[in-house]
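Shared chain: chain A. Partners: chain B in the first complex, chain C in the second.
Entry: the complex of A and B
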């Protein structure tokens, strides 16, 4: 990776509904016909899958210029950074068999080869931009289809290693910042409503991850019985607006009823981040979340969303160790000192 | 309570409880006898000596579910991990998968979305055919005729001309 500290373009300061929505993602799962799924495949099978995908026009001719990263050649630090940028999954980073990922130059597209399915291609975009993300990943899908036979059944659709992903094999997700619902203790009700709507609510790094910084990844679980367009419309037009409405109503309620308390929390968070000499990951993420809320509600003007998003990424272990030139296995105490220093400096730069 | 092996007096280490016709039947085997009776191999086949202990009748679907002929995954292994072994598993375990998928998909049972365009011919399709041909020959050589027929059907299903063929 040539750009270990380059900000990720899908995590900017713009995009529709960016007061609540950090980013949108659309992911497609595909498997090659006639080849065992990754878990049951031999290493020669997995290598063959890598070869077939790499010879496709997606890598050879695509204007987005997907570049190929062989996972075995990456350091732990680089793999961790890719996870933190949401370009690969934890499972994919930790696996120990032939696998690789294709990345576009703008880091908005990634094609994982030999994840749970042979191919998992995904497109990321800032703010609420599910249609844009879908169109971009559909282009990659069509190019792959021109040279690869996917496992497909007229009844079940695209066949996936986990049968619950069958059909369109598509996952729409949005990364939402929900501090209002957290503070008004409404998250439990939202989780129940999400369950009723067949949605998955996960932490910011997907399956199995804890929520941190009031960030939640919401995604559809239904992948069968509707077309991709219908699934997209339902998720984008019915589900997401409902969640945004709840979060904004909660923020408004807090502003109306506990404005001083909220302002106090935001300014204390800023003061702590500007002064702290030791900063843990959870504390840093929590305080940055408070700044993000404060900025969205215009309690503070600076730092802006761009700085806050960049810091949310850079305080994580992979990025922190890369930026500050420390080992990934540095003691947590040392990492906390370095993290505090990085955040202080970044805030001084924008608050001067 | 420590059980002795049903077939010898050694301590049993392999235990299985079967519910058939509402009645519970326990099986306890030492590792040697379990191995000799086929435990640890393909699921679905009950050792003859053990089968005698149990009244005749329909087995539960879990026990009678065949292993996938294509990749060898047993239904028990699928239940443990929730991950299928190959595209052929969808056919092998269709009866078990139908209710599972329908439940997970809010009642949906049929694909309504994108259908892949398989009209174009190319190099990688040729590679896949080569691979299937190899599997077909292996299946015939080992007299797995049912598997061979499935591979042949898959081969026929791969559309598009091979490199060097006329469109």
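Entry: the complex of A and C
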């Protein structure tokens, strides 16, 4: 858990369409045949699920094998860091029954056991890379399938705890940076369009989370009636390009019509991050978002996306407490002081 | 009018108690015997006043002689700059009848003719220097008295258009920087104390002006019943030291108890001033005020008081338009852009 964030983070500085797309994620839900869903299961049932999954070849001792983390043995800080990296969900981190997660060495792939479903596999990739992410999840699925019997209905497809996942149980999502649409006040229109396209628009930590730093997670809502491949193609080729087009048009409009206002915001953001002695999570994220926009539009050259992404991760409570050696339950006042210090130092390092 | 602000400005970087006191001012009101007060006078009367004052030796052609500016011949920009330097009043700048001002070469002394009274002499000095300022005004008064007959009543003293100035017609004021009392939310208490001491507390441009950048002009209200010297001693030795004590105690308190908060504000202010591309007058003044506090408390070494004071003057509309070659009636949007540019450049020059 105390590995450096780089080079293993899925948040790189590159990837297709990285001016708008931070990352792509593919998640696949499966349940074991003949075992109650997690919500209805007893702890012995849940332990049985863990045992069955862990005996599958995905955990075997080979270079691509996943390592296993028993959730009960992790500290609050470690669990929080996994949430901040989008490797596990909030609900999974906070649950109080037998559960665990398999992680790939590059921390781009995770297999949650006993989340809402018995098995939730997900793969993350920087930029727009849904096919790559899907490929990797499919490999894990196939490996699991060689030893595990998935609950399946010929009529409905793969069975899941929540009906919205029934069918092929797949969900695609992209994390988009939409400061342009925010500034031109068109987010409302885009939300409506997304709804019409059966998409869910969420904050950067998924269901129930607020948007922070103009980051939005967009995902498909429909998992029924189409094949995984068809869903993937529709999402990747129709839906995402439309959102990218809107965001880029907004940025271009601002750049043409309000360039000075934009430069003012970007340079102030950088100056504030370089000099603040107290920095809250929301303000830090908001200012980093402005740097990201400034970098994409070439208003500033440094810091680059890599540094900005790393900081977006490190300003969060779990990573901050781990990096700076303070308790996760440190007072918010102290956390704001060390957050400011971390950001200042990181920016001095790259801007010198 | 297009002389450089330095070295002739009364806003230096030194002077006694300059951590709190920006400047001292002594103003003396006099009227000519046998001529109606300015408000009741006809234009021929007013021209007569101008003629009489201008023939006095204070305008004679010697090294200390004042130079004469006919207000009707000045541009809006020039009049605005004189107001911003506190050499003439707003009312005087905007009036529409014969009037003018005598200015010393160092721009620390001005004699307004046909302001509210026929003659208003005032002397400005950096820091706490009321006695010096008084000395200089007294010299001008004596010189004027050698050729001009002042309106005087044995019972009331020197007669003035407004009863509050009757008596010795003198007003002392100090421009104080009170960010400490503002932060500790004690300004209300200080205002009450000032009222009890018969002081007027005003914004930095005198009567009716709002405080900007935590700058306050404190002046005596009583001019009757005491000699000039007694009033001066009371103001300088009793009143001002009390206010300085309060302000310094507040700063010390903040420094001891909220040092990080203060450092955060000061460093953010400097960073913002160095990087903004759009800067409003109020924001600019507020941030410069924060730098002034930071400099006084040694949180930052540069910029020094001299630069800060110069910028406090230059961010104002008249100086800004003069320095940057834009019209005084330029759109506020354009003014904010050139203000940001001026401040950025000035700070880069001293911070390199």
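Rule of thumb we're sticking to: the second predicted complex is superposed on the first by the 343 of 352 C-alpha atoms of A that agree within 3 Å, B and C clash if a C-alpha of one lies under 4 Å from a C-alpha of the other, contacts with A are read in each partner's own complex, and residues count from 1 in each chain.
Assume contacts are C-beta pairs under 8 Å (C-beta built on N, C-alpha and C of every residue); 3 or more make two chains touch, one makes a residue touch a chain.
Owing to the predicted nature of the structure, the values given are computational and were not obtained by experimental measurement.
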Which of chain B and chain C A:33 touches, first, second, both or neither: first
Partner chain(s) touched by A:337 [first = chain B, second = chain C, both, neither]: second
First, second, both or neither for A:154, with chain B first and chain C second: first
Chain B versus chain C as contact partner of A:313, first or second or both or neither: neither
More chain A residues in contact [chain B versus chain C]: B
Which of chain B and chain C A:112 touches, first, second, both or neither: neither
First (chain B), second (chain C), both or neither touched by A:260: second
Partner chain(s) touched by A:291 [first = chain B, second = chain C, both, neither]: neither
Partner chain(s) touched by A:277 [first = chain B, second = chain C, both, neither]: second
Those residues of chain A which chain B touches in one complex and chain C touches in the other: none
In the complex, chain C residues that touch chain A: 260-261, 263-264, 267-268, 270-272, 274-278, 337, 340
Residues of chain A touching chain B in the complex: 31-37, 39-40, 48, 52, 55-56, 116, 141-142, 145-159, 161-164, 166-168, 170, 198, 221-228, 230-231
Chain B to chain A touching residues, read off their complex: 70-71, 73, 81-87, 90, 97, 100-101, 104-118, 120, 122-125, 127-128, 131-132, 135, 154, 158
